[in-house]
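Presented sequentially are two complexes of subunit A, the first with subunit B as partner and the second with subunit C.
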Partner chain A sequence: MKLGKKLTGTLAIPVITLLAVWLICSSKGVALFETQLNILTFVRAIANVSLVTFALAINLNSGRFDFSVGSVALLSSVISAKIVLALNLGPVAMLLLSIVFGAIFGLISGAVYVSVKLPPIIVSLAIALFYEGLAFALTGGHGVSFANSANLLSFSTIPNLLIIIVIAVLFMVVVFDHTRFGYEYKALQSGQKVAVNTGIKEIPNALICYTIAGAFMGAQGFISATTNGTIQMSLNFGSISPMFMAFLPMFIGGFIGRFSNDKMGYLLGAVTSALISLLYVRLNVSSSVQQIVSALLLVCFLIYLNNEGVIRGLFVRKERAV
Partner chain B sequence: MGNDTLIRKENRKAALFRLAPVMGLVFLFAVFLILAIIKDINIPYSFKNIINQSVVVVVAATGAVFIYTLGSFDISLGASLCVSALIGAMAYNVTGSVLVMLLVCVGVAVGISLVSSVLASVFNLPVFVTTIAMLSLLSALVLVLIGANGTGDVIQVPAAAVRGINNVWFKLIVMVLYLAFCIFLFDFMKLGRKEKFQGGNPVCAKLTGLNGKKLAIAAFAIAGIGVGLGAFLTITYAPTLSRNTASSVGMDIIISIVFGGMPVSGGARSKIYSAAIGAVSMTLLNQIMLTLSLDSGVGQMVKAMIFILVVYISMSNHKGNILPR
Partner chain C sequence: MKTLKRLTALLLVVVMVFSLAACGSKESGGNDSAQTSGPDDSQNVKIGVLVSDVTSAEALAFRAYYEEYIQEQYNVTFMYSDELADAAAEASAIDNFIANNCKAIISFASADRPAQIEQCEQNGVYYAVATGTLTEEQYEQYKGYEHYVGAIGPDLYTEYMAGYNMAKYYLDQGYTKFGMFGGATPYYTEMHIYRAAGMLVAMCEAGNGTYMGANDMGSMIGAIYGAGCQLEPAVIGDVELVGYVAGYDFDDAWFGKLAAVANDPSVEVLLAVGSGQTAFAGFKQANQKLGDIDCYTADSVALMESGTLDYLAGKFSASIGPVFIAVLSAVQGHPIRTEEGNAFAISQGYWVATSAEQAKEYFEVDSSKTEPAYTRAMLDTLYGASYSDLEAFVQKYSFEEIKELAK
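Our next item is the complex of A and B:
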């Protein structure tokens, strides 16, 4: 593929979105990035969305749908916040603890999946219920508040968030594109039975996937907690909602992945989502309209992805007719 | 040991595994009865509660079995139920007719289901992702409907209007009639066999001339009827509707179907009664937790463990050498 086509395919969606968002804002007389807070909102959205997208995509690309990612973020942030508040530690300690606990809870999810050998969607439902219940029991249902811990709340700055994003992307690219684990992951992804028959160990591979996904969700739980100053409890699958923000960037990432690297695609998908979120914020769009627009965008993009040949065919026929 | 004996032994074992959800239900029922006697709980009142709580999920989830049989998955049924109930209640407030309310509930739910299935069929979208987008759309629609009503955060049907039908017998009759309708379609009509064939092996089904798109539309329409009836029963039980109405029903449907022994991959092993067994079991489990006065968090952890245990036993006879996806 030629470099020009690669660049166009990679950057088309985020650039078009940026232009569209900028035009809409300009037509309403609003500057997209007016204050430092707008930039912070944008970067924070990228961090949150990209981490959830990585976590979800790791397993979903292998056909493992995981409802428990949100509950892993919830539980790991609850435990790390409790430890940090009890020992009066700083935000870096909380971030590291969140990642470690996220990885452990991810590993446990994976271990249950490979042990019971039930469809991952079923296992993830049980795990989500269990982790939500555990987080609720640990906090007595009151959640965790650190509204008075200024040092924890001060972590969510643009440079800190950018560092987390860069590390996450580099980690994804290195681990999934440049290690033996990554090659085996891809082999299992494209031909599970053949890969297993050729001697690839599927169980360790799946366990590592769940562990990495858990670590990402730990980091996302930390960002969410330190942004809000509280961690609120969820029961009866209340924790699954963060998962939904990852679908649009994931499909955009898949599309961009055809022209460059899919991990970069997920990041650019997250940038696209963050631009749309910033537009909502800048134009004070109500949450119901936000949901409707986001759902319609997802449907339209999926319709394009699943009917690309037909749509392109229509244009080609028109050109020939002309 | 002869081959026949071995086969008979394996068949017996498989039948036993298949019965795990039923045995789970019987076990939970026994535990509940024992606890009720020990703690001197009003048993008829508790049963009334169990029926009231489980009937909506039984009706909505039984219809959803048709979707699951195809190997598809609909996460938006809870939101669809909420939207149908809200529009049904608005229709009652305009017309003052309970029958109109029922018809609107069912009509809206079927309409929503058809939109999902047609979107998925016509545009070749993955059904699950379509239903995720529908979930967002319907959740937003709930907010819009409640906002448009202009009376605060709720839409209300006068309690007096539904008092006559807010009784256990009416709900049981609705549930039994709809179950009978679904069992008839699923176990005694070509539609059920075709759905199982399509879910079990879509390639073979296509080669033998089955139209997967038509089957999907039929499955979603039947599920829509269940959701509409569920919406109507929700109004009769709780006539004050808010954005949180039936908020947990969507996931309860999935849990009930799986708990009742339905394979998520669909196909020939699909059972129409799975949803009813699963929904009643989960409600019994909730009642047991309440009776034991367990902390909500601990109760949910116990529920998760029992869920995975029952599903593990009921599906443990069908494991290959690769991890399931």
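Our next item is the complex of A and C:
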């Protein structure tokens, strides 16, 4: 594939979205990036969405739909926040603890899946309920508040969030593109039976995937908690909702992956999603309109992906006619 | 023989007189049992509790009062529903309570109260509304139902005044630039709409202006509904609503909007119709004021102590005590009805704290599992009481008034 086509395919969606968002804001007389807070909102959204997208994509690409990712973020951030508040530790300690606990809970989630051999959707729903209940019990239902802890609230700055994003992308690229685990992961993705026959062990591979996804969700839980100063409890699958923010960037990432690295695609998908979020903020779009627009964008993109051949065919015919 | 006959007749007359007297005294005892007998603790009474929220601080405090205080004091068992999202879930939960031999249901869920009342009436189960009231039309329709006990909670005017008083508190201090969190206003939740209307009317009065052409309670409620419950920032005479956010999306855009309002350098005061501590506490600037309508928790006290929060209108957990004793009284044969024989509808207000000391004092009482605001001794005085006694008791809801009642 030529470099020009690669670049066009990779950057088309985020650039078109940026132009569209900028035009909409300009038509309303609003600057997209007027203050540093707008940049912070944008970067924070990239960090949140990219971490959830990585976590979801790792397992979904292998056919494992994991509904428990939100509950892993919830439980790991609750435990790390409780420890940090009790021992009067700082935000870096909380971030590390969140990642460690996230990895442990992800591993447990994966271990249950490979042990009971039930469909991953069912197992992950059960795990989500269990983790939500555990977080509720640990906090007596009150959640955790650290609105008074300026130290923890001060972490969510542009440089800190950028560092987390860069480390996450590098980790994804190195682990999944340059390690034996990553090659085996790809082999299992393209043909599990053949891969297993060649000696690849699918259970350890799945467990590592769940562990990495859990670690990403631990980091996402930390960012979410230190942004608003509270961790609200969720019950009855209330923790599932963060997962939905990853769908659009994941599909965009899949599309971009055809032209470049799919991990870079997920990141650019997160950038696209963050631009749309910033548009909602700058124009103070009501939540009902926001939900309708987000759903329409997702549906339109899926329609395009599923009918790409037909749509391209239409353009090709037109070109030939000309 | 004659003497014997006379004696026998006399004896029969005496027995008859005593029997009638005994019957008479039994009936009068039934009418006035509050002072004579009090609640019957010999048999356990199961009470179902319908809840639409199980995670908010307010919901947890209410549950703790029932399960950790009332259940320890009375021979009752509370059976809680799951988090009920809609009318179908409420109907299913009521069926479950009836199947489990619940004699009464106390409802904190409001997806379809008329359906709840009808279902309980049909099944002969007592029903009461806690921390809320029916609309006037609903009350007129159901007040005569035998098993509808009544409702105790902030009525919509009380909600309106809670918002009005909070905004006025800051307006009286000379603040003119406000940011507002509208909570569930866009979801057409009346409680939040009325609180928001109260805040806006207070701003209209102080600023000599109008908001969407409205400047009093009636017109403001109409204007809010007319706008599809979607509010916008606006200049209101000399006062300005600089920023407005609502809903509970908990996504990046929602947090971004909250941060944008709180980081606007012109915003002096952040007002919340509810959950202000969750929405704004993480973003609030040091020089800004924050007022909220919620409940008293250890976290809210800590926020008041640190100066993050400086006005809190909160429901107190024991406020659901009177509705419990009215339900128990009805189940045990002593329903409390109005003079016309109808179910009661009594409004109850908030405890307002404007200092950390006040909030701490309120929280200590509110969270006590041995001496809460309404103790058993206080509630027992309402068992089988007259409507006027119940009304007088409930309407003395301020912290100071309750302390007086406890003496």
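Keep in mind that, in the parts below, the second predicted complex is superposed on the first by the 322 of 322 C-alpha atoms of A that agree within 3 Å, B and C clash if a C-alpha of one lies under 4 Å from a C-alpha of the other, contacts with A are read in each partner's own complex, and residues count from 1 in each chain.
FYI, a residue touches a chain if its C-beta (ideal position, glycine included) is under 8 Å from a C-beta of that chain, and two chains touch if they have at least 3 such contacts.
Predicted, not measured: the structure shown is a model, and the values here were computed from it.
Student: Using the overlay on subunit A, decide if subunit B and subunit C clash or can fit next to each other.
Tutor: Because the two structures are overlaid on the shared chain, the partners are seen to clash.
Student: Now for A:V281: first (subunit B), second (subunit C), both, or neither, which partner does it touch?
Tutor: second
Student: Which partner does A:T227 contact after superposing on A: first (subunit B), second (subunit C), both, neither?
Tutor: After superposition on chain A, A:T227 lies in contact with subunit C alone.
Student: Residues of subunit A touched: more by subunit B or subunit C?
Tutor: Looking at subunit B versus subunit C, the one contacting more residues of subunit A is B.
Student: Per the contact definition in the header, classify A:F130: touching subunit B only (first), subunit C only (second), both, or neither.
Tutor: Only subunit B is touched by A:F130; subunit C is not.
Student: Going by the contact rule set out at the top, does A:I203 touch subunit B (first), subunit C (second), both, or neither?
Tutor: In the superposed model, A:I203 contacts subunit B only, not subunit C.
Student: Mind working out whether A:V166 is in touch with subunit B, subunit C, both or neither, as first, second, both or neither?
Tutor: neither
Student: Once chain A of both complexes is superposed, is A:V299 in touch with subunit B (first), subunit C (second), both, or neither?
Tutor: first
Student: Once chain A of both complexes is superposed, is A:N148 in touch with subunit B (first), subunit C (second), both, or neither?
Tutor: second
Student: Of the partners subunit B and subunit C, which touch A:M245 in the superposed model: first, second, both, neither?
Tutor: second
Student: Examine A:N236 and indicate which partner it touches, taking first as subunit B and second as subunit C; both and neither are also allowed.
Tutor: After superposition on chain A, A:N236 lies in contact with both partners, subunit B and subunit C.
Student: Mind sorting out which residues of subunit A both subunit B and subunit C touch, each in its own complex?
Tutor: Common to the two interfaces on subunit A: residues 136, 140-141, 233, 235-236, 286-288, 290.
Student: Which residues of subunit A touch subunit B in their complex?
Tutor: Per the touch definition, subunit A meets subunit B at residues 62-65, 112-114, 116-123, 125-127, 129-130, 132-138, 140-141, 192-193, 196, 202-203, 206, 233, 235-237, 240, 244, 247, 251, 286-292, 294-296, 298-299, 302-303, 306-307.
Student: Help me check something: in the complex, which residues belonging to subunit C touch subunit A?
Tutor: Touching subunit A from subunit C are residues 54-55, 57, 60, 82-83, 186, 230, 232-233, 243-247, 249-260, 263, 277-279, 281-283, 297-299, 302-303, 306, 308.
Student: Where on subunit A does subunit C make contact in their complex?
Tutor: 35, 37-38, 40-41, 44-45, 48-49, 136, 140-143, 145, 147-148, 153, 227-230, 232-236, 238, 241, 245, 274, 277-278, 280-281, 284-288, 290
Student: Which of the residues in subunit B end up touching subunit A in this complex?
Tutor: Residues 73, 119, 123-126, 128-130, 132-137, 139-141, 143-144, 147, 247-248, 251, 254-255, 258, 263-265, 295-305, 307-308, 311-312, 315, 319, 321-325 of subunit B touch subunit A in their complex.
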